[in-house]
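Take a look at the structures below.
Next come two complexes, and both contain subunit A; in the first it sits with subunit B, in the second with subunit C.
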Partner chain A sequence: MLGFLARRLGINALLVVLATSLAYVVASGVMDPGARYRLLSPPLSPAAIAGKLAEIGADPREPVLSRLVVWARGIIFEGNLGRGLTGQNITQEIFGRAGTSLRLLVIGSLLAAIVGIGLGVWGAVRQYRLSDQVVGVLSFVVFATPTFVIAILLMIAATALNSVLGSQFLEFTGEGGEAGQTGLALVGDRIGHLVLPTLVLVLIGAASYSRVQRSAMLDVLSAEYIRTARAKGLRRGQAIWRHGVRVAIIPMSTFLAYSLGTLIAGSAAIEIVFSWNGVGRYLVSSIGQGDINAIAGGTAFISVVLLVAASLSDVLFGLLDPRVRGTR
Partner chain B sequence: MSNNEYTPGPGHYVAPLEETPLAAVDAVNVDEKPSNLWRDAWQDLRGRISFWISSVLILLIVIVAIFPQLFSSVDPTKCDLQFSNQGPSEGHILGYTKLGCDVYSRIIHGTGTSVSVGLIVTVLVFGLGVIFGAIAGFYGGWVDSVLSRVGDIFFSIPYILAAIVVMSQFKAEDRNVWVISLAIGLFAWPSTARVLRAEIIRVKQADYITSAKSIGLSNFKILMRHVLPNSIAPVIVITTLSLAGAIVAEATLSYLGVGLPSTIMSWGNDIGAAQDNLRNSPMTLIYPSIALSITVLAFIMLGEAVRDALDPKARARR
Partner chain C sequence: MTEPLLQIRDLEIAFKTQNGIVQAVRGVNLDLGAGETLAIVGESGSGKSTTATSIINLLPGTGHITGGSIRFDGRELTSLSRKEMENIRGREIGFVPQDPMSNLNPVWSIGFQVEEAVRANGIATGRKEVKKRAIEVLKEAGLADADRRMKQYPHQFSGGMRQRVLIGMGLAANPKLLIADEPTSALDVTVQRVILDHLESLTQELGTAVIFITHDLGLAAERAKHLVVMYKGRIVEAGPSVEILQNPQHPYTKRLVAAAPSLASRRIQSADAQLAELEVSTQTGTVDFDLVAAAAGRAELKAKQGPRPNAIEVDDVTKVFKIRQGSGRAVDFTAVDKMSFAVEKGTTTAIVGESGSGKSTIARMLLGLETITSGDIRVDGESLAGLDNKGLFKLRRKMQPVFQDPYGSLNPLQSIGNIIGEPLDVHKVGDSKSRRNRVNELLDQVSLPKAMFGRYPNELSGGQRQRVAIARALALKPEIIVLDEAVSALDVLVQAQVLQLLAELQEELELTYLFITHDLAVVRVIADNVCVMEQGKLVEAATTDEVFGNPKMEYTQRLLDAIPGSGIKMGL
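Moving on to the complex of A and B:
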């Protein structure tokens, strides 16, 4: 088991390094960080622009790979993700926003997994009944709607609800308001602002999880060991719970990790719609500005989140499925 | 029961073949075509309502995409600010946008963009996914390791973000349907490759592959004649889903401002333009979203129906 985990961790860590380097190389290859200086009037000389860019390690006269090595050294030896176009410290920028993004992402994806698995199992047990069909159609509708549209529609609904109630019952702009700055009031305020964004994330996550869980559960329900379990005297609920769900949840543990990328992209859209100052929104805006270090730094953050999730799902996979521990 | 009555003896009687009902059961109808996965699937599909609803919808959407003039006589580019944000009126059933353009006509003329982006991306994803997945799954070994890791790297970067990087390199006027499809398709293929690889590894161990090898077929022939046709079914399902995903991705990119320029009519652009205007006329945002959702939903429904039809286990459950 430990060997299996160490191996998986090694592969995942290698993937983070490769994905981040790829982001750095691609961004350096296609982006023009000097564009902002070229618009100045009177124009700067190319040498002056290059010198300005060299300060942040984006000197276009240096080959991309040597720039990458310098940048990577900064991370390894100083834990420093480099400087952005305007000289800002990217490590601080990203870590300052990490809490905001992770608050949304962790709560959202955990709730999505719980709701999705629950709905999937429930749908499989009640296959082709009305409730199963309704859940199925609803999850397809969520699938078919872009995340930002869901977010905007929920905002419209919340505005309508607020005006009916005549008070700011649902807060949805930004991550916190004036309601509370300290103690319990602060926590309450934060939770209030979390409701709508989290709801969006739970909707898009649960829509796909419930379909995957449902089909995994259907495969298991028709298996013979469920019939055996019933034959030896277990009640239907017990048989489904002990022998069905525990088996059907195994493929979900890997699917959860792989689908987290979709949720991260979704949470970037959510951050933009709800004006949250998170890493996703920062990444999108730095792409707009051609800020290479910030893009690579943001990608590194996302890859690390994915790495942690993938490793956790490997642990879960190993715990759930005894066959995995022995092989590979 | 009959066993008890059976008494062995010299007058043991065997019914002539014509008299036993077994003859009819055992008879081989030589003229009948042999059944296979695809024929069975088609038999099953024909009986599904969701298949017919989605097919008719898709057909309709494609007709709208090719001949938008048939469905709307209003010029979508003729906008008049005096009608800004006005509600529905005669001849303009869905009202006007902020710039005074006809909402309904813009939706009809935007269909072509979404459908073509979806189709081009699907062809790209299918092609790249099948090539990489087939090579990785069939040849295995270090080729598989390298290709799978390459796929994993692409997989670990959310493809919307990757497409944003690519798209932001083009000036607004250089962006067109081809560019955006390429940006989406280049990063969306790993999931197709992964599905095909897993399926090929499963099929490769089948006895008929061993026998094909034993009669001396070349590796390439085995791959093309036996392995691919038997493992392509799940790829077709995921391809219909990726078509739906591509349409959503185009809308998202256009909404973020790195998609198609506003001169090209697309639902994503319309939704993005309507967002600034949300408080005054939310419906200009909701209508194109509905059009988008219906289109995507049609493809997802088709994919689900085909998936169930191609899966013998799911067929047995019905």
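Moving on to the complex of A and C:
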């Protein structure tokens, strides 16, 4: 198992390097970081613009690969992701926002997994009944709706709810407010701000998880060992839980990790709509500005998150399925 | 007279399908006294399993009882609530399912699954007590090292051992009735014999009544005093086993008795004098194909023709697998050990042996699906060892396989026409029109209607699917066909039809067959020569008559003795 993990770690590190380099090269190829300087008045000379860009390692006269090497050296030897167009330290920018993003992502994806698995199992057990079909149709509707539309619809609903309740519990701007800075008040305030964005993430996650889980569960429900379990005298609920759900979540452990990418993309939209100062929003605004170093840095962050999740799911898979334990 | 333990009256069971309601069981009546054994025999789809599972209300899918009554131990089972039924299952009626591979949950340890049965039936409480009883149950079922293996998972058990676990679970609570649904049909004959012997002594000791579901008439007669023959949802014949075998009344039972190869193969030995007579009767136009006559005819034909060139030569072949251990080290495992034999053109050689004896590995090496560790295999004089991918591709035009499981070997998303025509596409034979014609010709050759062209595998029966697999193998007009347990998964009647088809095709197309099987009864009627394998080694090779009439090795004798029903004298 340890050897297996070490090998996975090595492969994952290589993948992070590949993803980040690719992001750097592609961004350098299509983006024009000098654009923001050319619009200044009085206008700067091309040489002056190039000089400014050279300070942050984005001199367009340098070949892309040699710029990449310089940037990568900075990461390896100084542990920093370089400077952005406005001279800001990208490492600090990303680490400062990482907590905000991860809070949303971790809570959101875990809740989405729980809700999705629950709905999927419930739908499979009640296959073709009205409740199963309603859940099915709703998840396709959610699936087909763009994330920001869901976010805005929920905001409208929250406004209505707040005005009915006469309180301001459900917040929808920023990740924290003025309501409290210490103790319980801080926690309550944070939760009030978390509810809506998390709900959006849970909705888009659970919509797809529940469909996958439902079909996995249906496969398992027709398995012969379920019948054998019931023939032994087990109650229906016991048989479904121990022999059905326990087996049907195994393929989900892989699916959850690799669908996290969709959730990360969704969370970027959520951060923008709810004015959260997270990595996703930072990455999107960097793309708007043509900030190559920031884009590559953000990509590195996301690929690390994704691959950590993938490694966790590999471990989880091994824990859930005894058949793969010995062979790895 | 007291009421029997189980009394089924006018039982009707139906399945809801998209095309309406299908009646699976029509008016079945059964009586079974305490401690008695009864076998229900019939082909798949006859309603035998459906009848049995309806007793414990575990009908698959949309099946439900539409009429009649099932009385068990003085209670009416059809009107019980779910909870009441859950109390009867396991505790009073045990169940042993068919396929040991799919009936144990792969993610729970054996110990957990047996303990679960013990706990669910309230036989013991408390962790230690439950564990103790679970080990006892497994030991009773014949797993001597149960305490050591409790923590292991199903995939670490062989098929025979898994079946013992399932039998143990079925009997865990000393039920009054045990329903055994084809409990050994997925196992080798020798393992089957040991397990059935064990089951018999266990149930006799405990005084358990047993309902045996099987498609094997010989096995049913050997294991049960009373026989019930089902056909299309009805009981067509019932009575004492020996009487039914020796004097079958219903035409279906007669066919079943005639087709059972295990019984027929014994007959050819005991009554050689009748052979000529039999041959005459088949020529005068009886519809049913007589395998015995065919075997005799072929032997005669072969004697006339004299020796022929070898189609396959296996020369000192060894196959070593590396098995990865948990610690990451690899251990060598010799699956095939210095094996040599040859197959003459236009003849059939059968390789028999228990599972794990290496017989399938030989087939896979011959097909080029597995590399050869040392030695050589020659097909038509051409060596396989040095063949590159291109050579293999060419070789496959000459040699085609038919595999065991007709459900697994056909792509469910392709139409029958596309499945049969695929080899032609792959090898770029002809244009689309000529391929279409060839597929129609092939359908004709395997006696399937042309209308099958656009249908899909799930609409076909097991026998029809195996015909499709054979048609696909024939598409490229190969000279050699490797049949890996190609009829093992089929019912006796269907098996007889497919064997007949194979024999006819061999005669017509001069095919060479390599027949891999664990079923010696089938070997008797289809093969000219037999190779017996044990643990990777060739232990006996001779003509079929020699092996059956005068087996030289004890192992071969054991395989022969294990054929169910071999001791029963037949009447026809």
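The rule is short, and it goes like this: the second predicted complex is superposed on the first by the 324 of 328 C-alpha atoms of A that agree within 3 Å, B and C clash if a C-alpha of one lies under 4 Å from a C-alpha of the other, contacts with A are read in each partner's own complex, and residues count from 1 in each chain.
In this section, contacts are C-beta pairs under 8 Å (C-beta built on N, C-alpha and C of every residue); 3 or more make two chains touch, one makes a residue touch a chain.
Computed from a predicted structure; not experimentally measured.
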{"item": "Subunit C versus subunit B on the shared subunit A, clash or fit after superposition", "value": "clash"}
{"item": "Subunit B versus subunit C as contact partner of A:26, first or second or both or neither", "value": "first"}
{"item": "First, second, both or neither for A:242, with subunit B first and subunit C second", "value": "second"}
{"item": "Residues of subunit A touched, compared between subunit B and subunit C (which is higher)", "value": "B"}
{"item": "First (subunit B), second (subunit C), both or neither touched by A:5", "value": "neither"}
{"item": "First, second, both or neither for A:13, with subunit B first and subunit C second", "value": "neither"}
{"item": "Touching partner for A:147 - first (subunit B), second (subunit C), both, neither", "value": "first"}
{"item": "Which superposed partner A:306 touches (first subunit B, second subunit C, both, neither)", "value": "first"}
{"item": "Which of subunit B and subunit C A:321 touches, first, second, both or neither", "value": "second"}
{"item": "Subunit B versus subunit C as contact partner of A:265, first or second or both or neither", "value": "first"}
{"item": "Touched partner set for A:283, first subunit B, second subunit C, both or neither", "value": "first"}
{"item": "Colliding stretch - subunit C into subunit B, listed as 163-171, 307-315 or 451-459", "value": "451-459"}
{"item": "Residues of subunit A contacting subunit B in one complex and subunit C in the other", "value": "222"}
{"item": "For the subunit B and subunit A complex, residues of the former touching the latter", "value": "149, 152-153, 155-161, 164-166, 168-169, 244, 248, 251-252, 255-258, 271, 275, 278-279, 282, 285-286, 289, 292-297, 300-301, 304, 313-314, 316-317"}
{"item": "Residue numbers on subunit C that touch subunit A, as the complex places them", "value": "56, 58, 60-61, 82-83, 86-87, 89-91, 94-95, 97, 99, 102-109, 116-117, 120-121, 153, 155, 166, 169-170, 172-173, 324, 326, 328"}
{"item": "Subunit A residues touching subunit C - in the complex, by the definition given at the top", "value": "3, 222-225, 227-236, 238, 242-243, 246-247, 250, 320-323, 326-327"}
{"item": "Contact set on subunit A toward subunit B in their complex", "value": "15-16, 18-19, 22-23, 26-27, 30-31, 127, 140-141, 143-149, 152-153, 155-156, 159, 215, 218-219, 222, 258, 261-262, 264-265, 268-269, 272, 283-284, 287-288, 290, 295, 299, 302-303, 306"}
